[in-house]
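Worksheet: the structure to be examined is printed underneath.
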Amino acid sequence: MEDKLFKYGVLTKNRVETFSDGIFAIIVTLLILEIKVPHLEHASSARELASSIAGLMPKFVSWVISFVTLCIVWVNHHRLFEVFKGVNIVFFWINVNLLLWVCFVPFPTALIGDYPRNPLAVSFYGLVMSLLGLAFFIARMYGLRHRRLLKDEVDRAAYKKSVVFAFFFGFLFYVIAAALAWVHTYLSFAAYSLIAVYFIFSFGTKKLHAVRQSSG
Amino acid sequence: MEDKLFKYGVLTKNRVETFSDGIFAIIVTLLILEIKVPHLEHASSARELASSIAGLMPKFVSWVISFVTLCIVWVNHHRLFEVFKGVNIVFFWINVNLLLWVCFVPFPTALIGDYPRNPLAVSFYGLVMSLLGLAFFIARMYGLRHRRLLKDEVDRAAYKKSVVFAFFFGFLFYVIAAALAWVHTYLSFAAYSLIAVYFIFSFGTKKLHAVRQSSG
Amino acid sequence: MEDKLFKYGVLTKNRVETFSDGIFAIIVTLLILEIKVPHLEHASSARELASSIAGLMPKFVSWVISFVTLCIVWVNHHRLFEVFKGVNIVFFWINVNLLLWVCFVPFPTALIGDYPRNPLAVSFYGLVMSLLGLAFFIARMYGLRHRRLLKDEVDRAAYKKSVVFAFFFGFLFYVIAAALAWVHTYLSFAAYSLIAVYFIFSFGTKKLHAVRQSSG
Amino acid sequence: MEDKLFKYGVLTKNRVETFSDGIFAIIVTLLILEIKVPHLEHASSARELASSIAGLMPKFVSWVISFVTLCIVWVNHHRLFEVFKGVNIVFFWINVNLLLWVCFVPFPTALIGDYPRNPLAVSFYGLVMSLLGLAFFIARMYGLRHRRLLKDEVDRAAYKKSVVFAFFFGFLFYVIAAALAWVHTYLSFAAYSLIAVYFIFSFGTKKLHAVRQSSG
């Protein structure tokens, strides 16, 4: 079975990463375009501008959250690719599925920014994030099944644990958090924040990464 | 004649790839910008939002199709560059022609998204895709004619076969699929889907790619 | 304590740089999109077009200033990464904070372009720039505290000096310049220009950089 | 004097190239966004769509010209960086000036697309291109003056010739072509086309580039 793994050849890991990094950089940057300079009646009135900027606050907050969320996803993407030795055609399409959900993130983010008290908007966000998490889970599962694709130094037990974590924190917890929106949308927001905090201070993949000091 | 091949020097393959990857990443990412957050009369009405999102479904489907199509093109572009040793000035312009059609793809895609029952819209899409396919065919033909540009390990017979496949699946079948729109647009859609499926599971270039496991 | 530095592994410095460079390239390029081709009553009237282009002059000037400012920031970002050996997870998030402010720059720049005589607009610009400067200061401070992250050839005394310079020129002077807007906005503009000129001809990091001639 | 060349250290040539390539890729890709899908009264009318697409023809032609022009500039940028060993801070700012004009190209291009019979629009385009050419000339002059920045294999006589060519074809001929618009705009268009054709088939830098076959 392993012989079939590279039947259609491998893709240059570097180019797949450049392509992915480009997508992340663009998505992250486009978010600010949503915030337009306010129109003032009196161009030199500091008071009017102050209230205009205050009115933009929800947009600023939503922008910062999206930015941080996409950077969390970038770190996870980086950690995923770090354990893989090469990219075969199946893993390429698994990565495309992942990037598809990454590109979609701005839409549900804008949705909760505009309708923070709409249960469907808030649970729709959680649903999209859970499908993004599922895409990561599928990618990690594929590595677990096809050990030959992983780097030799990857510890199997630690990697297995990271797959389990990906399922719970990336997929299941988002589904639960999305469901909570139908009780109260603020419960979902709290749950989404907790999951984000987990990812920022994530211990899950710790043992996978040896202390390397190469500047590459 | 071979002496003339590099008369104007070679271009750094790496920079041509970075440039191309950047273009692919941007085109793929810009597609989502077409989908705007719906405006709701009652900001907290889940029912109203549900029907708004349902109304956006054709846009979502068209977005996924474009995304997957451009990723298929990216894989083909990757495979094309994989067999080339270096990029001379002629091949650079052949690549520019290819990128030009890549950049144009969002236009016919939006066209069939808006007018799926208009035979001209549907056949226009096929025509653009066939010209993109023709650009790939020209690129592969150039490699066939100037063997010195290809990597030494490339098998000539297998490469020749890939050129023939590029002509049929990338160009001719799209022309036929485009013509079918004048019978019924759904015939074209079926044909376009079949060609896409062929490319995802493509066996054509199989023998070209040795099982390499380098992480680069 | 140093043992904890790489507890969560290192990130590939190269990918963090590609991601950052992508963000800089996009932000710099998007700025021109704000300038639209003027509408003419008489399409072939050179006189009418001349006055239209003259009317766009403030937009052109503001565009050049933003472009140069972001290139200054890019150089500083480059110099920051140059002294670091590797990127750990903490430094990654310090870099995210930095990129967040970089992405925000177009907003205050557009603000001072539209309302150059509004003291709040002018001091808001300075405030954002000072927070961007603070992000650089935090990044440099982190390197000072965790010497193991820096390259071996970095001179400690010279690096320390660069941290002090980052605090004064990147943060404090921008705060003062921002405050001056409440006296007269032109005083702020003069101060912002002086800080920019300092950065273009910056001597601060001079001794850090050995004369290397490698083409990499 | 040469000792001062690297007084402020060198920049990683690779990062400067990534930054530049990103800018080129984005500018090239954004051009297509100007072409919007036409609105049809009868969604399934092939006749109505045909006339709509025919009406977009000038936009398509202008888009192809911009695309090809920016690719010509990319090749010139590539050839410029190819002869340089490293990037010092002065050359970085020379490159920023160059990229500034690259980013500006879409504006005059849209201008001649909208007002092809307006002498100011047509000569404005030539003026911008001549300033872009001047930026290249300055960059090449800097290399001529500071021989240590160039790669060892660069032939001085051939390089000198390329500087002269850059002055005539990149700067002076564009100034003359721009001036011709005041006689008749079509004379300028003919002159611009001839200059473009020269650059595509340019022999000027021929002797600089050894026949290398490295795949890098």
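In this document, chain identifiers A, B, C and D correspond to the written order of the chains, with residue numbering beginning at 1 in each.
Here is the rule we use: a contact is a pair of C-beta atoms (placed from the backbone, for glycine too) under 8 Å apart; a residue touches a chain by one contact, two chains touch by 3 or more.
Predicted model, so just to flag it, every value in this text is computed and none were measured.
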### Query
At the chain C/chain D interface, shared numbers over all numbers used: above half (same) or below half (different)?
different
### Query
Measuring centre to centre, with centres taken as mean CA positions, what chain is farthest from chain B?
C
### Task
Write the angle of the rotation needed to overlay chain A on chain C, where the fit uses Cα atoms and the result is rounded to the nearest 5°.
90
#### Entry: Chain centre separation in whole Å, for chain D relative to chain C (CA means)
26
#### Entry: Inter-chain centre distance, chain B versus chain C - centres from mean C-alpha coordinates, in Å
37
### Touching two or more other chains - residue numbers and ranges from chain A
18, 21-22, 25-26, 30
## Note on the structure
The chain C residues in contact with chain D across the complex are 17-18, 21-22, 24-26, 28-33, 35, 37, 40, 43-46, 49-50, 53, 64, 67-68, 71, 74-75, 78-79, 82, 200, 202-203, 205-206, 208-216
### Task
Spell out the residues on chain A that touch chain B in their complex, using ranges where they run on.
6-15, 18-19, 21-23, 25-27, 30, 84-86, 89, 92-93, 96, 99-100, 103-104, 106-107, 110-111, 114-115, 117-121, 124, 148, 151
